[in-house]
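Going in written order, the chains are labelled A, B and C, and every chain counts its residues from 1.
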Amino acid sequence: MVDTSLAQTPHRSWQPALRAALGDPKVLVGGGFIAFLIVLALGADLLAPHDPLAQDLMLGSLPPVGMAGAEPGYWLGTDDLGRDVLSRFIHGTRTALTVAFIAATIAAVVGTFVGLLAGYFGGWVDAVVSRLIEIWMAFPAVLLSILIVAILGSGVHSVIFAIAIIDWTRFARVVRAETMAQRQTDYVTAGQVLGFSRLGILAGEILPNVLWVVLGLFTLELGLAVVIEAILSFVGLSVSSDTPTWGGMIAQGRGIIYQAWWVFALPLAGLLATVLAFNQLGAGLRRSLDPVMQR
Amino acid sequence: MIELVAKRAGMAAITLFGVAVVVFVLLRVAPGDPIAMMIGPGATAEDIVRLRASYGLDQSLFNQFWIWLGSLVQGDFGTSISRRVGVGQLLLERLPATIELAIMALLVAIVLGGFIAIIGTLWRRHWSVGAVDGVNGLLLAIPEFVWALALVLVLGVALPVLPLSGRINPSLPTDFKTGFYLLEALLTLRFDLALDLARHMAMPVLALALPLAGIIARVLREALGEAMMQDYVTLARVKGMSELRLILSEAMRNAVGPTLALTGVQFTFLIGGTVIVEKIFSYPGLGNMAIDAVINRDFPLIQGLVLMFGVIFILINLIVDFAVVAFNPRLRHG
Amino acid sequence: MSPLLSIDNLSAVSRRDGKPILRNVSLHVDSGTIHGLVGESGAGKSTISKIILGIVSGGVVVTSGSVMLGANDLVRMPEREKRVLIGSQMALIPQDPLTALNPGRRIGDQLTDSLRMWKGMGHKAAWARGLELLDHVAIRDPQRVMGLFPHHLSGGMRQRVLIAAAFAIEPKLLIADEPTTALDATVQKQVLQLLKRLQAEHGTAVVFVTHDLGVVAQICDAVTLLFQGKVMEQGTAETIFNTPSHAYTRALLAASPRYDDPAAGLNPIDDAVIAACRAEVAQFDGAQHA
């Protein structure tokens, strides 16, 4: 006989977890910066002081305010075409975050789904999935993403697709292992004995317990996706050149680095800070959620 | 041992074939006509047909693959569409530059990662270990693309101490007999050339090495910490060995094995990273050419490049497998 | 003549919860004698040996007392000097020969470390001396063994190597930390004989840590019995075995397999005796606080 009390899924309550996470300095710093970026992205049209596409050759290569020759109003200077760097950066944030969130979400959903299936059913399903992941990992990520974008043609959709198709394996691998561990636990066994359907057990018992692992991975994935988007737009394979992107600004700034280094430096600083912020947020979430969610 | 080698080689061949099939199919189903991109608007329909036939693009997909694979086995990688030169020749021209870059980056990563791991182990009970953790964390968090750009800004522009692009100063004589410029310059004692080559390589090497150094440091530190708690280290401590000597001569040899396996996998990632880093520094290697090939939809060249990367990856994994055996006395002298 | 090793009023507590680990322990070991340090696990015997060897973990804090080797107080010495003193004048024969040899270094290198470090020997001279040392602990074909890695040797062989290494620098003081518990009975006996022989030849002082009174009876000159970090009884082996004065000693003797008659069987230690010992420890702690 199985003790039916074990059939109660230990529904980990999210409230104490959330409280623990919000008390973590890494979560606060990393999350705070990400929140700031989200505000920039959402409010780009209102917050950007200028039209990011407006050219004015009379105002070309203006340095940031505080340096000799700066124009008031152009806080972080202009590029060689006289476009406002700050405004382009703010609009670039929108592209970066949009691509990152959509791509990471697709990668997470696909990877989690595949990982759940492989981990729960095992057998040939698992064998096929494991082999697939292995082959996938054999391709260099940057090369693969460039290849995919080149095949599909450049553009936001291709970039999102490329990131998702490269990184779903990160989720699949971890979720598969976690699901296998969960399958051994008492409450899942109890659920089986009590006659819950396989799908019911997967969705009702296992999924909620692997979600917190997915959350940590998702945070890291966002940071990676921002970088891949920047790489692709740096190479010129992302969105069309009249949409401002960080990678595009960096590529442009690289060409005029001796005349106007700020065009290069600002998006680079943004990229660096974003990567670090997602990293800190992910590390903080893992640190603070682990003890709560693991009981 | 021979059995193991044969088995590995067989598996490698199968993987390589799989990579070839995948790339071939992916590229053939891609929209966009490479021939149309090659010729001017004045070309006639016959011109296009003739050009198609000359590249074998008029055959069925299946036939195209077997024609290509057959010539591949004979050492013919086809002709680059954008550069109109044999792909094999292009690959061989560029390969040495990438190998030099990757190996230098690996060496720097090992030295730097090893140094951080040793300092971290030495200070493991001291508050100052926090500084080591911080540096290690930065190395782990920041990808090579961002390092490369930061280096451009700091060492290339703000304090212009290193050249921003290329492999060698064009005004220097480049009458090298091999593609391994740095190695050749050192062997022929032309140190002025070697210095210039090293200066050009410094930033791309650092950008590639820093993330790998972070990983090596983390894994090696963990393995060293583990080893430092073993009885044989305690006994050696009683013998009067200093902490540094305990780490270097007692713990290190047993920590290298586990680190090595992971370093191998990560080294393949480093090679993947050469693609974008070479592009940033206009370094004339395979990766730089790969990006151009993709942008130009140069099918034969892309296939050759991806196969080349596949061969490199598989070779590295083989070498790592054997190196792990070599570093484990139990396996070596079984 | 003053003793080689003098431990006086040594007390230590756990860093984590401040609970006493050693309670005012004193013991003295003369040159050329073997001193048995006996107690059950948790009695503090291995803490004492670790303090002597300078390898005590950060979880143990020495609160008072001294550990003198000749004129040097090991508790208060600067780390660097202590390392040199311990390395050049002491040696350890560890408990588990399977984990005490570095799996990645050849036997010859591990055996000759101390010779190269403290006897000023070059690699060649040390290697030659290593061969003699192995020969002296009755290892056949020492030439070959020197070049092997630990996993090639049996547990008994490894313990012989460790003993040879311990005597390599002719230490003044040797700590033997249950050197025979991991070995089977026949090997155990050989190893004990070997240890005794070498000790006598070199006139080494030995602290022999064990929970086995049978072993103590075979080789020790003096004995200290510990319970929860407190000395219960102390004296020559003769006195302890023939006229034990403490109830705990008597209970322990009764519980040990008879060394002269291993077939005689075991008696568990009486609960009442344990309770009395606990009371004695508690009374001591009370007196400390008062």
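Structure notes:
Keep in mind that, in the parts below, a residue touches a chain if its C-beta (ideal position, glycine included) is under 8 Å from a C-beta of that chain, and two chains touch if they have at least 3 such contacts.
In this text, all values refer to a predicted model and were calculated from it rather than measured experimentally.
Comparing the CA-atom centres of all chains against that of subunit A, the greatest distance is found for C. A comparison of C-alpha centroids places B closest to the centre of the full protein. Counting C-beta pairs in contact, the chain pair with the largest number is A-B. Averaged C-alpha coordinates give centres for subunit A and subunit B that are 25 Å from one another. Centroids built from CA atoms put subunit C at 53 Å from subunit B. Centroids of subunit A and subunit C (each the mean of its C-alpha atoms) stand 58 Å apart. Every residue of subunit C that touches subunit B in the complex is listed here, in rising order: 53-55, 58, 83-84, 86-88, 90-92, 94, 96, 99-105, 110, 113-114, 117-118, 148-149, 151-152, 162. On the side of subunit B, the complex with subunit A involves touching residues 15, 18-19, 22-23, 26-27, 29-32, 137-138, 141-143, 145-146, 149-150, 152-153, 156-158, 164, 268-269, 271-273, 275-276, 279-280, 287, 290-291, 294-295, 297, 302, 306, 309-310, 313.
Interface of subunit A with subunit B (complex): residues 135, 138-143, 146-147, 149-153, 224, 227, 230-231, 234-237, 250, 254, 257-258, 261, 264-265, 268, 271-272, 275-276, 279.
Note for the complex: subunit B touches subunit C at residues 125, 230-242, 249-250, 253-254, 329-330, 333.
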